[in-house]
Amino acid sequence: MTEKSNFEPTIIGFTCNWCSYRAADLAGIARIQYPANIRLVRLMCSGRLDPTFVLKAFAEGADGVMITGCHPGECHYLEQNYKALRRYLLLRRTLVAMGIEAERLHLAWASAAEGIQLAREITEMVERVRVLGPLNWHLNGDQVQITHDATAELEVVA
Amino acid sequence: MSKYLYYPGCSMEGSGKAYHNSLMPVCEKIGLELQEIDDWNCCGATEYLGINKIPAYALIGRNLALAEAQSNGAQDIVAPCSACYLNLTKIDSYMAKKNGVDELINDALSAGGLSYEPGQLGIHHLLDLIVYEIGLDTVKEKVVRPLTGLRVAPYIGCMAPRYDYAKRWSDSEHPLELDWLLGALGAEVVDYPLKTHCCGGHMPQIGPDTAYELIHRLVDYAEEVKTDIMVAVCPMCQMNIDAYQNETNQHLGTKHKMPIVFFTQLMGLAFGMRERDLGFGSELVSAKEAIQKIGSEVPKKKRKKKDKFALPMPHPLGNGILKNGTNGKELILPTEGRARGGRA
Amino acid sequence: MSHLAPQTEKNFKLMEQVAQKTGSDSKLETCIQCGTCGGSCPSAMDMEHTPRKLFALLRAGEREEVLSSNTPWVCVSCYFCAVRCPQEIKIPDVMYTLKSMAVAEGAYRDSTASDFSRTFVSMVENYGRSYELGLATRHYLRHFPLRLPSMAPMGIGLLSKKRLNLKPKKIQGIKQLNAILDRAKELEAA
Amino acid sequence: MNTPKERIGVYICHCGTNISAVVDVEDVAQWAANKLEHKGVVIARDHKFMCSSLGQELVENDIKELGLTRVVVAACSPHLHEKTFRTACERAGLNPYLCELVSIREQVSWVHSDKVVATQKSKAIVSSGVERLIYHEALEQLSVPINPATLVVGGGIAGIQATLELADAGSPVYLVEREPSIGGHMAQFDKTFPTLDCSACILTPKMVDVGIHPNITLLTWAEVEQVNGYVGNFDVTVRQKARKVITDLCTGCGICIEKCPKNVLDDIYEVGMNYRKAVYTPFPQAVPNYPVMDLDNCIYFDTGKCKACEKFCPTNAIDFEQEDEMLKFQVGNIILATGFDLFDARKMSNYGYGRLENVFNSLEFERMCNASGPTEGEIVLRDGVTTPKAVGIIHCVGSRDKSHNAYCSSICCMQSLKFAHLVEERTGAHVYNFYIDIRTPGKGYDEFYNRIVEEGTHFVRGKVAEVTNAARQPDEKKKLIIQVEDTLIGKQRRIPVDMVILSAGLEPRHDAKEVAKLFGISCSADGWYIEKHPKLDPVATMTDGVYIAGCVQGPKDIPASIAQGAAAAARVQGKIQQGEMLMEPIRASIIEEQCSGCRICNDLCPYNAILYHDATMTSEINAALCQGCGTCIAACPAGAVIGTSYSNEQVLAQIEGLLMDVSV
Amino acid sequence: MKPKFAMYWASSCGGCEIAVLNTHEKILDVDANFDVAFWPVAMDAKYKDVEAMEDKSILLTLFNGGIRNDENEEIANLLRQKSQILVAFGSCATEGCIPGMANFSPSHEIVETAFHTLSTENPNSIYPQTSYKMPEGTIYIPTINSRVKTLVDVVPVDYFMPGCPPESHQISAVLDLVIAVVKGEAELPPKGAVIGVGNSTVCDECDRERDVKKIREFTRAHLVGALDPNLCLLEQGIPCNGSATRSGCDARCPTAGAQCIGCYGPAPGVIDYGARLISSFASVVDSNDPDEIERILDGIPDPAGQFYRFSLAGSLLKGAREAV
């Protein structure tokens, strides 16, 4: 347990220039505190989110990835956030098949006015991932592995 | 034949026997097969909730879990008692929100080797089931003795249409389902604006003064609009208005004598069944006199001459989806037999 | 009118505590004091405080006055307030919470209602079903002995029309039920 | 190690103490100079106020003296000062798009308090900026000419005001209105608060001006069908519905209306309170004044017989063969002023509207008060004759109610006070106003409230629980009983009245979402159109060239609608004056060689900027239509769609930078 | 003296060798222009012979197969050292291919599956050992790596030639080019290039008609009563990977009515093949309702297998979590 509570996850957050990035600005202006574990990337729209970015983040050592965009129906580009939603759902299925917990990828909607909500989403995300523990994909070793320890049986045969 | 899991509720074995006895033959007639949930328990009414929340939820959870296990994933539940119906839908809906309540209840259920996955079972009140799943056309087909001449007050009570967790009713304050059904039986349905007002609930037991007042309001207005008989869809409503009417009279000095029976009893009559097979006679305020009016001549309504000065009324509720101003919220259509909610 | 409640932390947290006990979406703290609930309530005339007033007292930390109020006990669970509340506050659920808190702290003034609930619950825990006759006799003998004469015709009527069972029914899985309820009580206490 | 390609300058702002109180800015600068040297960082400085002229000069000098090819500034949000530093770079001869502003104030110092963690995060952010910057390209803004014509949609008071302002400034305007006449809701009212001046008296002259102005093309009984193009150059298609009246011949004499034998309930102008004919103008002062034919109700179109209108028309202006017409024209800007719908009070069945005959909604009551309305201004019950002795006015119907509309409709308090005055003045009845809060924040508004209080209106603080006809007491018989908690005394009251007026709230038009889609703008969850900035830019939208005015943006009263109409016109006129406008060069394009023509991207663009060429079997992006969202870039299975400013390389490098180990 | 040619088979199926032989008479050109120095499948050779060669003495090495064990890795290093041009030949060497799908599981599970499942008769639970002491001395078998790597993961690679296997006409073209280079008649493409492919994706070579895409249902070809023979498979709900897969195969599979499964790998410049498909498929799912989207996506029961059948080992994540 102690090991887990010491663990500080790194979360990459993708934001939309028109809503969630501004929500982050607003959280700042309102001095709403949230964990420093999140690092934000600005995109023009959640529709720009290429699943490659998410895979890249995980591969480079992120413990979690948050995708944020305008609320359904409020997309600055009319409906591109729905494309983000669709990709998120398929990407999440794929990641789960790759052994990455679904909670490590989170989609949250936040309008430009929702600094508090965004800060809360971030806090919750950090706590969720903290419980899951480190992912450490970037540390994956190329070490040669011992196949099987079956010396005992071998002797019988020999 | 549509098959449903039947959750009778405690009253159906006691004070609401007439309801039970009438709904059985009526359901058979309209092709509803009811299979009682094996070993169901009390839903806790409104009492358990006021003592312990989680146990009260778990009490209801056990019924849902039993139903799920016995339904083979195929059948919906039907409850004739509005309080039972409300409790079942409420806990199902709270659990479906997945905000921790489901885990707590399932934790408790697991102590009895049970579990329940919310949202899997459709839960119906007997009335909504008949109106929306069976359909009024089917009901009309079975009518052999239309209830003409009988002025009925459709009294739905609170807990069927409120809080409409399963989204089955045309409105939570002025629902029309019972009006449509009684109309389909040929009865003359009075405009009864108190149709979802409170019967007193448990107040006869804990604050009788309040109960007398509430019972008086309902009966008094029913008399005001010349009702022959009130029609209930819930055993508690029927019990309060029927059994406590005399006491109310004694207490308030009134002389009410308003019979109240279950809608299934009237359906049975209209289907040509015998009164004694439908539980008639077990009411304390006798319905005998009212029943005798069936078939009597209906005085022809005088056609109101249209006043040349009168302003037009707005389209009444149920004129369909309005052209303007619905703001994406669909108005409820009173289309008969339209299936709403539940499992597709 | 009693003196104002002491401005203690405990009192100030009252609304939060009630909201939390009621459930995460009770929305109690969003009350705008519009009075829709008090206007809708069929038994408002018998309440010491309208629900709205009760919520104002909650907010003010008037713990004693709230928990001893008869308001939740007079609530008939008609849900008019719940469907009309513009803030979608689950008012009946709040009333249930207040009742259970009053029971837990013994704060109610009149025990008629709480005894009825407790008798009902004990029936359910013993039999798994409600037992109308037992419930009624136990309750009326204790709280309304004077009402019995006027009620006798009704009781006899119901009995003669076989609308009251003389014996309680017990479900088969009563042990299972009690295991579930015991676990639920543990969870509630946690 | 490869020699870095670029020469990068990094500047860390203290922002007074806004940043430096939490972030060790000197450490960040030193770290950048050391640890990012291999990426090309040649200088890293910190400064008290980077946005000051001194700070900007620092950057400019370094560009000139150190030959910087890229600049990263770590300071506040790019939404605040990106332009400042880009301009500074441009002054020093560096393409402005080779500058990157990263936020360590809003995203770090203002939201975190642990200095060590905040400093580390700042380093990661600086590193991401540097990584990303390496892939920046020198870009040029796109210049677009502005067509001087403007389309105004909606002929209510906001649209009329905007139209007149533009036309008076000399610009051509097309005003499109769906109904047969302009005027909007204001034309339905009798009096306007708080001055109680006659609505028609102040509106009609403006309507007439619109009708005769040489710069205005007025298209009523018409709807916008299609909008293509982009700011400066919109192609608009308008459906001119068939009037079945030849407007060139019609003199507006009204004989056809008089002779038409068919009475039709008028749902729009008279809100179902009165009848019109099948050929009609909605009201006598209609602009334009020629009638339209209602084909759903015309006897001739139903039975093939009648043609009374044609027979009696003195100028042969009736044309049963007339068809809908598609009008196409170009405009540079668009102002949407499509207004509101009234909340449908039937949704609150506890108030009995539609069920209890003497419950009226606010528009019905407005018509009743209007001298040209169904009762010629007499306030009577639904029977048309009885004067009420007691009237209840319920505020907040469908507003401030999460089951319906959570927002305050803002006009209802004042409207209800006006109603109270009119009832009192014309009938002498007792008036009860039921309110949650009285909201009168406008010039002369609270004074008006005081006046109504003085006039003797009863104010009951409490949201009405129900309106019922179920009497309990003899004095309630044949009355409507308003049941409410008088929250100021904490008791439930039942107040018998003869008439109830529901001050129903305002809602977005029922088709607001489709219209928003047609014009490429967005709606809030409620359905109101979203302004570019709620304070600083209330009439512009996120879509360049599309402006909003009046209730389409949110509930507001007449003065505010007029102000917005004028403001939108001023914004548009400013653009017209400029003649051209510059657009951010964030655009997508397709590498034709790599495009296989799979057509995955074709339907993803809401601006229809992606064209598919059958001949080459490849897709192409129209740069002028592209708004730069990047959805197609992300979607292209072949990676054949590329974009500027947020290219894959830039974002991937940024991610690498953010995940750089900054602890060493 | 003719320049030397080598071909090696690491972790792969052998199909690539067959594909080379499938070039028919073109193989004679190889013989005519090259001295085959090392090709274990075709002729006897010993590693020590290669070790003895001078560095860079082999002009062209076609290396097929992924790097599954230490022997694969050792020979990759050896051939890199001895070759002037090292080509990652075929899908296995370029991106892991089918053997790379083993990266969905940890290697010990793979061993377990091979030696101890119900269908395996191994009553004494005998497992292979990497070394065994015999009277004559210790003998070794190769040690399995934790995951399959691509050739470029272990050594610098000059050219990549995808395909499972590469199409024979593409092999011929590449051989022709190298021969021309040897003769001084042509120049080599820039280092790192992908060769034997087109510039676009399979759709470019596919004759099926295509329209804008709106997918309401993903299904499988055998579940569809009658596939439209002329219409884009994806538009018919068949998850055809062609739109994301490098052209060069003449769209063989979709032309024949079978969905492209992606053996030619990603299009030029693409970093992660699977991500392209996730993004493009999801983008054209025709619903904005999460539940409905999920229902439609249920039509792709194994998304990781669908999107990474050939490219897993070479993808950004390189495998599932347990394996990497």
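For the reader, a short list of remarks on this structure follows.
Chains here go by letter, A, B, C, D and E, matching the order in which they are written, and residues are numbered from 1 within each.
Here, a residue touches a chain if its C-beta (ideal position, glycine included) is under 8 Å from a C-beta of that chain, and two chains touch if they have at least 3 such contacts.
Worth saying up front: this structure is predicted, and the values here are computed from it rather than measured.
Using the contact threshold fixed earlier, the set of chains in contact with both chain A and chain B is D. Graph distance from chain B to chain E, where chains that touch are one step apart, equals 2. Among the remaining chains, those touching chain A and also chain D are E. For chain C, the chain with the farthest CA centroid is E. Of all chain pairs in this entry, the one linked by the most C-beta contacts is B-C. In this assembly, the chain whose C-alpha centre lies farthest from chain A is B.
Chain centres here are Cα averages; for chain D and chain E they lie 54 Å apart. Between chain C and chain E, the centres computed from C-alpha atoms are 70 Å apart. Per-chain Cα centroids separate chain B from chain D by 45 Å. The distance from the centre of chain B to the centre of chain C, with each centre set as the mean of the Cα atoms, comes to 23 Å. For chain D, residues that reach two or more other chains under the stated contact definition are 350, 466, 513, 604, 631, 634-635, 648, 652.
Shared contact sites, meaning residues of chain E that touch two or more other chains, fall at 271, 276, 279, 283. Residue positions of chain C touching 2 or more other chains: 45, 80, 83. You'll find the chains touch as A-D, A-E, B-C, B-D, C-D, D-E. Residues 199-204, 210-214, 232, 234, 242-244, 247, 266-271, 276-277, 279-280, 283-284 of chain E are the ones touching chain D in the complex.
Interface of chain B with chain C (complex): residues 10-11, 13-18, 39-42, 44-59, 61-62, 86, 94, 97, 99-101, 104-105, 107-114, 158-159, 162-164, 172-173, 197-198, 200-203, 205-210, 213-214, 243-244, 246-247, 250, 281-284. Residues of chain C touching chain D in their complex: 32-41, 44-45, 49-50, 52-53, 80, 83-84, 86-88. Chain contact summary for the complex, chain C toward chain B: residues 21, 23-25, 42-43, 45-46, 72-74, 76-80, 82-83, 92-93, 95-97, 99-100, 103, 112-114, 116-118, 120-121, 123-124, 128-130, 132-133, 136, 139-140, 143-144, 147, 150-151, 153-154, 157-158, 161-165, 169, 171-173, 176-177, 179-185, 187-188. If you check the complex, the residues on chain B that touch chain D are 171-174, 193-194, 217, 220-221, 224, 307-317, 322-329, 331.
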